[in-house]
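Going in written order, the chains are labelled A, B, C and D, and every chain counts its residues from 1.
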Amino acid sequence: MSKYAENYSLPELMAATVAREIRDGELAFIGVGMPLMAATVAKFTTAPNFNMMVEYGAAGPSPRRLPMCVNCAVNCERAYYTGSQREVMGAQQAGFVDVACISGAQIDRFGNLNSSVIGEYKNPKVRLAGSGGANDLASSANRTIIMMRQDGRNFVEKLDYLTSPGYLDGPGARERAGLHGGGPVAVVTTMGVYRFDAETCEMYLEKIHPGVELEKVKAAVKWDLAVSPNLEVTEPPTEEQVMIMRTLDPLAVYLGTGRATLTGDFEAFMKMFENSYQPMVDLMKSKGL
Amino acid sequence: MSKYAENYSLPELMAATVAREIRDGELAFIGVGMPLMAATVAKFTTAPNFNMMVEYGAAGPSPRRLPMCVNCAVNCERAYYTGSQREVMGAQQAGFVDVACISGAQIDRFGNLNSSVIGEYKNPKVRLAGSGGANDLASSANRTIIMMRQDGRNFVEKLDYLTSPGYLDGPGARERAGLHGGGPVAVVTTMGVYRFDAETCEMYLEKIHPGVELEKVKAAVKWDLAVSPNLEVTEPPTEEQVMIMRTLDPLAVYLGTGRATLTGDFEAFMKMFENSYQPMVDLMKSKGL
Amino acid sequence: MRYQPIEAKPGRAKPAVKKVMTAQEAVSRFIHENTYLGMSVSAAPAALIWEIVRQKDRIKSLDLTITSQIGMSSVLIGTGLVRKLEMAYNWGGIEGEDKVFRRAAEKGIPRPIEIEEYSNFGMAMRWQAGALGIPYMPLKSMLGSDIPKYNPKIKVVDDPYTNRPVALVPACNPDVAIMHCARADEIGNVQALGLYGNSDTLARAARHVIVSVEEIVTQDEIRRFPNLTTIPYYYVDAIVHAPFGAHWRESTYYYHHDLAYGLDVYRQFGTQEGYEAWIDKYVLGTADWDDYCRLVGYDRLNRLRLSEQKYQKFGEVR
Amino acid sequence: MRYQPIEAKPGRAKPAVKKVMTAQEAVSRFIHENTYLGMSVSAAPAALIWEIVRQKDRIKSLDLTITSQIGMSSVLIGTGLVRKLEMAYNWGGIEGEDKVFRRAAEKGIPRPIEIEEYSNFGMAMRWQAGALGIPYMPLKSMLGSDIPKYNPKIKVVDDPYTNRPVALVPACNPDVAIMHCARADEIGNVQALGLYGNSDTLARAARHVIVSVEEIVTQDEIRRFPNLTTIPYYYVDAIVHAPFGAHWRESTYYYHHDLAYGLDVYRQFGTQEGYEAWIDKYVLGTADWDDYCRLVGYDRLNRLRLSEQKYQKFGEVR
């Protein structure tokens, strides 16, 4: 295994952490952005036989450039299947998705997520994107991994709107609601990694990111956060993991300020593709993919 | 128009009669056998822009040889669409099929059909094929045309089993049952052509085949058959209609004794294809298809 | 008995006739005031959306049904054309926060928007029910969430077979569906390539279907690969030839997403004034899609095509 | 709280590993006594059916689910392997009356058969529900007919949206599905070509899937046309290479239906003795599918291929 990187960003740490949650041979439902980075890192390192499904109709792609969207043409690149959303979402409802990454603007102690509104539903302070596929994945995927920012206000006692079910109000609630997917197994945030207790379904802090103080984490959670008695520090990304992410996303479109760089700059955008083509091809070849 | 044929068989008369029921531009759901003959005749004569759908997943084929089955490869020949049964049967449930040909072993005065059992359902005297798609078509196609033998026993007062709905027990019954297709508009048999009365939904004799006596028809119907006051004689097939049928099916596999001829005789079977290829290609070319 | 034969009503199948027309003609003919409009996400029907905006004074108001839209629906919403939005997701994707949507939903600018929400598969299954001619679909999403709580059209009931909860969603049959696909012949046999989301289902559910395509191909090209026909002609009313017709979004095998452009548009959409200035120049200020493409620059569009085809091309592995 | 993390159960997805095996191996591994077996009609999985018959002493009894079968199911039914048949249609098609089925259904020869009946789309929608992981599907077939009267699994209820009758059919998830398709790669990405009935849906509904194919192709060939993948690898357990594997039926683009042969088989199936003589010679008397093809004659099979390809070939219009 490659040694730990000395320089890495917080998003890179999060993506590497999620990459370690993906097991070889699995079928994962991946959105773009950070989850895609995690998936690519996993496939190029510990999980070469894992495959991605993409929401708008692709399975098993091996893209050599940055997908821009869950319905991006890039997601078709060298895929085993391309076509309809029904195929992908139908398979996931039927239990074929091992692991899915989802997110939200708010989360509660049972891993329920809100990505619809802040404030009152009918008169929102902030209108958000809505469920998209997040509710479907949270309902039916075998397990979900939640990735989100922790901004001090969004780990709440009560969600403004429950978009995507975690464990609802605790043990047995998913079953009673008729959900057949497994629910969340991890929450990877800008501060640490959380798990859910098998007895209570409540979130607890398992790992804390390097340099983050426990008191800060607790202050960023609106309920009385449970902390593992064996609290660990999150494993940093390896040099190889960081190299892979930077080869796929050299301008840090997903993991940094790339979007600002590219706004309105077509030449920079074209150059990004031109410069990353050969390194990506070489990298994939070296991995036998 | 081509003049009437002097020599033609009863199946050829029936197929030509059904061909005249198909209008140009329609989408028709066609099984193999006699309905296919009718459809081919229609497409090559009065309805060049009509297209066929085939139950196991094809739309718009232009076959130049005899399909052997509703799921035969021949039905894919030069088709616009090939693929799943869901496409074809889904479209038909949603009301996209203008006209469908179906059949049955028994029929009653309201055009309900039995193709499942003769005798008691649980202990049948004769076990038949079952609904297949006939029930679906009878339920949802815009209109159906029924083709069947009339053997003296099978136009019954009461069906042994109602496989495919006609007008059920009369006016309004289809609506009450929740059916949204239009029901049968014609029954073409070995003896004549029947329609359904708009007021009573009951079948009446509209046309009688050349040379058939009315009393024989009445005797072959177990209820008191209504006969149109303007009873006509069925129009014979034209020379062109007969020529088309004999080009497509030179051994009369569907309209005669071809099956007996071919049983076990591979050379005769291969020769049938070899001999009919060029005439069919020429015929289609002459029709601009 | 009057011996008047029962005759059938005309069927729903569209005829097998030439259907190629301009976007201007297709939109004029099928989209009117209060049309219930379905819109695909993959590929984005930009050329058709632009044309709807050009005809906004005639059309006045639309009810919109989408599963998700990533960026493109804002072009309509910002005009005030959209009275109601049935949706699972409406946002900018990689281009970021959808300020146009936020202004409409939070402040009613330029017009209050009624929102009816589902999960992605929930909304997709409404189209699926519509496509199959059945009144509803049961599904195992949205259970336990707040989505049904705020949407009375979703019924959570016990399934009569297992006595376990299931969510029902009613069929959706839009008046008109618009979508962008790879190719079609002149009579409307459409072959979407790559991933195409729910465009196949939406076309089957809608009463009228307008498809813009990258290429118009011969009937023989369709017949070479009849398994690739995603929308047979009997569903389709109009074929609009619109090369690059999904720009700034992508069209698989044809061209790549123009991210530099999309980010810039979204920056401008940050204010209603910015939105209007952009619409005035790029949509209302162009006569048709070709004119828009000239304004963006065919040199730029061709570079996006080369970029896509360096990585993938129909029928090849690159 | 014990700080023991919740862990997930393993998912249903089959791994992306090599799955090519012989029919003998695939049948031994997945089909056992009382297996609930789903069988496609297009193309007919003859090579796999023959192998099940060869292993009949081990398998003893099967419950069979089909939409329709045209001829081929008799090969199983005549052995007495089939305890129960869920079906919409079971007959000889152009080969005529299915005497094997009639003997079983009317006289219990060689074994009484329990029949559970649906319309074709009704049965197909049971697989569709199974494929989507939902408990049932509503449909607008079978209403007013006697089909629901004799099948309590079909529930006619009022749809909660329109208060109009609708027929519900429960999900069907067979233990094993068998089917014959055009081509697949070694890890099980399957591309059926031409018309393929419900094989796509059946594969999604079944717990295990065995696919025999005309050709095993490279992963790159699959990736050339990812839109043609009808069954992605994650549904598939076994790929069996069986050229001419649907004989006496057809395989689109590969070979034509062997009608002269089918008619002759059906003639022999007219009596139970005739059936048994045929099975003894052509199925039990052959070691595997290649052996059967030798008995039929590869010269004959190749002529069927030439006959089909004179009219149509994948990727061409002829």
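Just so we're on the same page, a residue touches a chain if its C-beta (ideal position, glycine included) is under 8 Å from a C-beta of that chain, and two chains touch if they have at least 3 such contacts.
The model shown is predicted, which means the values in this text are computed figures rather than measured ones.
Using the average of C-alpha coordinates as each chain's centre, B ends up farthest from chain A. When the C-beta pairs in contact are tallied for B-C and for A-C, the bigger tally goes to A-C. Chain A and chain D have Cα centroids lying 39 Å from one another. Each chain gets one centre point, the mean of its Cα atoms, and the points for chain A and chain C are 27 Å apart. Averaged C-alpha coordinates give centres for chain C and chain D that are 36 Å from one another. Along chain A, residues 58, 76, 78, 82-83, 90, 93, 140, 180 each make contact with two or more other chains. Annotation for chain D: residues touching 2 or more other chains are 132-134, 139-140, 164, 166, 193-194, 223, 226-227, 317.
Chain contacts here follow an irregular pattern that is not a line, a ring, a star or a complete set.
Applying the touch criterion to all chain pairs gives A-C, A-D, B-C, B-D, C-D.
Those residues of chain B that touch chain D in the complex are listed here as 32-33, 54-58, 63-65, 68-78, 82-86, 89-90, 93, 116, 121-122, 124-136, 139-140, 159, 161-165, 168, 173-174, 177-180, 253, 259, 262-266, 268-270, 273, 277.
Of all residues in chain D, those touching chain C in their complex are 132-140, 155, 157, 159-162, 164, 166, 168, 170-171, 192-194, 220, 223-228, 315-317. By the touch criterion stated above, chain A contacts chain D in their complex at residues 25-27, 49, 51, 58-60, 76, 78-83, 87, 90-91, 93-99, 140, 142-143, 180, 182-183, 185, 195-202, 204, 206, 226, 228-230.
Remark: chain D residues 41-42, 67-68, 70, 87-91, 93-94, 96, 98, 101-102, 105-106, 117-122, 124, 128, 139-147, 150, 156, 164-166, 193-198, 200-201, 230, 249-253, 256-261, 263-264, 267, 300, 303, 307-308, 310-312, 317 touch chain B in the complex.
Note for the complex: chain D touches chain A at residues 1-13, 15-17, 130-134, 189, 204, 219, 222-223, 226-227, 229, 232-235.
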